[in-house]
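Each in structure tokens, the structures are laid out below.
Next come two complexes, and both contain subunit A; in the first it sits with subunit B, in the second with subunit C.
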Partner chain A sequence: MRGAPRLLPFDWRGLVLPVGFLLAIELIATMSTIERDAFAAPSAVLAAAARTLSSGVTLKAAGETVITAGAGLLLGLVIGLLVGIPLGLFRRADLLMMVPLESLRPVPPVALIPLSLLIFGFGYRMEIAVVAFAVVGPIFLFTRSAIRGIDPQLMEVSHALGLGFLAQVTKIVLPAILPRIFVAFRIALGIALVVAVTVEITANPLGLGYRMTIAQQSLQPDLMFALLLWIGLLGWSLNALLVRAEARLFGAAA
Partner chain B sequence: MPGQLRTHPWQPRPVAEARAAADPVIAASGVSLDLGGTAVLSDIDLAVARGEVVCIVGASGCGKTSLLRLLAGLLRPTAGEVSYQGNPVRRPRSDIAFVFQDYGKALLPWRNAAQNVSLALEAIGVPKPARAKRIEELLVKVGLAGHAAKLPRELSGGMQQRLQIARCLAQEPSVLLMDEPFGALDAMTRQALQDETLAIAAASHASIVFVTHDLDEAIYLGDRVLGLAGSPGRISETVPVHLPRPRDQLTTRENPEFVRLRRALHDFIGTVERDRRAQ
Partner chain C sequence: MSRQERLLWSMASIGLAVFLVIAVAKVSEIRLVSPIFLPPPQRIWAALVKGLTMGNFGAMFLATVRHMVVGLTLAACLGIGLGAMIGTSASARAYLMPTLEFLRPFPSSAIIPVTIAFFGLTETMMLAVIAFGSFWPILMATIHGFSTVEPRLEDVSRALGLSRQSAMMKIALPHAMPDILGGMRIGLTMALVLATVGEMLTGRNGLGQTILLAARSFRTADLYAGIILLGVIGFASMLIFDRVERRLLRWRS
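This part shows the complex of A and B:
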């Protein structure tokens, strides 16, 4: 078998347990007659998933979630870099900003949902704000430590060549930290999705999280599970996309 | 003035020495350096003439590299002044190029050979259309013509150091400061690079301040060898090298004068070492 092209990227035996589990659930669901609000047969979930896909609900809701999570992620990335780069480069700025930043960072981002709702009302902006707040912290920390990790020799080279501050940042600092920023971006993407869906479930009438809450409140477990499936697939495929991009961009350099 | 600019490395040395005192390209006068409360260098006087090769030898930790950084403007002296053509050096300038010892860390690993050379041109503001031709010329000059698209890690150690030298030459410097540039290379590569460095310096009339702890290398390259010793470091020995140029790896090293200088410098280093142990 070795060397032959394979259909699966893993051994088929890895599927035994998950598929067996789904079959067992299906069997229980078809045989039992009890009332169930938190439980749906896998076949019913699949049917509901297909229904939401064909009706366009999935795409529309996923689009809303991706747009808000993405916008919040980009906003947080820009702010995190703008704060992290000077603080990584200048020890004095770091001392000055240490207390304010370290006191803000432990605040759970979702605790800002009520405040953000007061400021922006329902809609994209309040969700973007909360997501951005959630990702600024990790991006900033990664950026700062990545800059601290740049070989001092490289900074001395840029001094010796007489590069100005802006050229030093764009030609030396940013390329040097790029691989680590990309890792930070990948971690931040996971955070952004978690926070976006949380905001949608708790407050904001947008996206997959909101549709899932509606399904739950109208006692449609099959629809709820179907949306959960889509959320999972969304997170999985976005992460897979970034892993691929990372391997292509930095595979050779790493 | 134009007549003076023609000082050539294989002129009789006393001429260059006399000129160094009168009209140095780069000079340190009464320079001392404290780093973090420790005196590193004390009362250094040094004047380098145009086209002159000055080698600095000394035990590790005596401040050789610090002296080079002071000359480059990468460090500011605690006392005294470094001047370039009579003007104080307060920050790095494009007339003064610095060749770092650790070529592996001095090159940008994400830029290929041509792009690494380009960095120096970008720093001095050469417009983009003019860069490609100059990069090509520089790579040809250091023998890396066919390697423009290679990343530093795809080049051997000697080639990486050649690349760093090409990047320094891109600044068209009048002074090359070289910090043990060939210390990590094998003997054959090192000799080749010594000769290339001398040829490049002769062709461009650049002065070189060359730090090494290889005495043979110092004598082979230099018009003058300075011995740095003590803590804080001082120039405690000046040895003029009156060997004919162009120099040759075989005949120069067999010259009785070479052998004599080598013995003198060995004795100097030996004395310094004995004094240090006695303390």
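This part shows the complex of A and C:
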């Protein structure tokens, strides 16, 4: 799978751009004295980031974002598997469900924000619903294609053994598709995080996205960029964690 | 499975979709779910027709499409141009790739408050967000496409005495094209998502604004009609993209 960072030997050239960029911004920020509400020195941003960490704001907000993104992801995973496994196994069922499913897929998930807000009001539930809708599609597609890719001989074995449907799914199908499902999960996690932050910025008074919007509206660019930094770190570390887990659990199988 | 059988199943699938719509109508009729959350399909249809013929749905639809197209075009120009430069130069990759890999899992919508701080709630802000969001997948895919050209093909281009420019156009670009198009496909999805979000936030013309206002004033039929139109944009853009892709990758089959 592309997207997993390759382990490269350390190369100083990779540091030139970020360090140079930050130094330049810092220099501009200290030299100019103009009033600004969209711009902050990296040192001020770091100070604000440390402040939000020590006051507990970061942890609380990040917790809210992670909980909603995670709950939506799990809900989407369960629905995606429940729909994807039978449709992957039975070609006719898949053909039958084609029109209803394909007509939902092109709807951009954020289009459900106003609807979800209307039904659930502000809070965790409306965000979880939108995240779940966003990740069901990719998980379903991955599951179905993973099942189609199972070695036919493996399926013949399960028929020869006379396994029932449930035993076939739990003993043959699920273990065979697990590595691909994990890849789907990692990709869906990225989607879940983007969608959760988007919902928070657009409508929902929760999480890091909302805190960032408030910082922007109250003209605190240092705080705004500090929260942006935390969101970036959150995305990066969750992804790194899953990439590690994937390599550990499945090695070359994924 | 024979062609006829396939066709039969497709018909059955359409039949099932119709059945589901009727079932929703029944559920709505006996008020199992409040009509505020789930208006009967015939009312959604009526709202759709009315909005398109007498209301502003047509204009909003076109505004959203325009935002998508402008943002995506910006992203594609920048992403493919920069991606080709970075992908063909090993030293550019050494300087830039660690930063780009680090930024890859960044949730791009988090840039929205920053762009609002810079540009205000304007059309420029919206286009900047759309372009930024769809730029990343295009850039990363283009770099991958250009950096994985078979070294032997480079030898071939040298043996043929091709200039750097024509080697790029005749060998590297066709090689990178499937990757570029893959990136553009993701970029296209991002563009529609971010156009919708941008219109909701800025209140500028577009279907995002339509559905937000409809939800705020509890005009649920209009809300569903707007969501359907956004789905139509998503579907149509993918259909057009498929055709373009098949055309550009004709040499592969």
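Here is the rule we go by: the second predicted complex is superposed on the first by the 242 of 254 C-alpha atoms of A that agree within 3 Å, B and C clash if a C-alpha of one lies under 4 Å from a C-alpha of the other, contacts with A are read in each partner's own complex, and residues count from 1 in each chain.
Everything that follows uses one rule, which is that contacts are C-beta pairs under 8 Å (C-beta built on N, C-alpha and C of every residue); 3 or more make two chains touch, one makes a residue touch a chain.
Note that the structure is predicted; figures quoted are calculated from it, not measured.
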* Asked: After superposition on the shared chain, which partner residues are touched by A:D151: those of subunit B (first), subunit C (second), both, or neither?
  -> first
* Would you check which partner chain A:T198 touches, where first means subunit B only, second means subunit C only, and both and neither mean what they say? => second
* Applying the touch criterion given at the start, work out whether A:L161 contacts subunit B, subunit C, both or neither, answering first, second, both or neither. => first
* Check whether A:F90 is in contact with subunit B, with subunit C, with both or with neither, and answer first, second, both or neither. => neither
* Between subunit B (first) and subunit C (second), which, if any, makes contact with A:F225: first, second, both or neither? -> second
* **subunit B versus subunit C as contact partner of A:I172, first or second or both or neither** => first
* Partner chain in contact with A:P108 - subunit B first, subunit C second, else both or neither -> second
* Counting residues of subunit A in contact, which comes out ahead: subunit B or subunit C? -> C
* Structure fact -> Shared subunit A footprint, subunit B vs subunit C, residue numbers none
* Parts of subunit C lying in touch with subunit A, wherever the complex brings them together -> 1, 6, 9-10, 12-14, 16-17, 20, 36-37, 91, 94-99, 101-114, 116-118, 144, 189, 192-193, 196-197, 200-201, 207-208, 211-212, 214-216, 218, 220, 223-224, 226-227, 230-235, 238
* Structure fact -> Touching subunit C in the complex, subunit A uses residues 2-3, 5, 8, 11, 13-18, 37-38, 91-92, 95-100, 103-115, 117-119, 190, 193-194, 197-198, 201-203, 208-209, 212-213, 215-216, 221, 224-225, 228, 231-232, 235-236, 238-240
* Residue ranges of subunit B touching subunit A (in the complex, touch as defined) -> 72, 74, 91-94, 97-98, 100, 102, 105-106, 108-111, 119-120, 122-124, 167, 171
* Where on subunit A is subunit B touching in the complex? -> 151, 153-154, 156-157, 159-163, 167, 171-172, 175-176, 178, 253
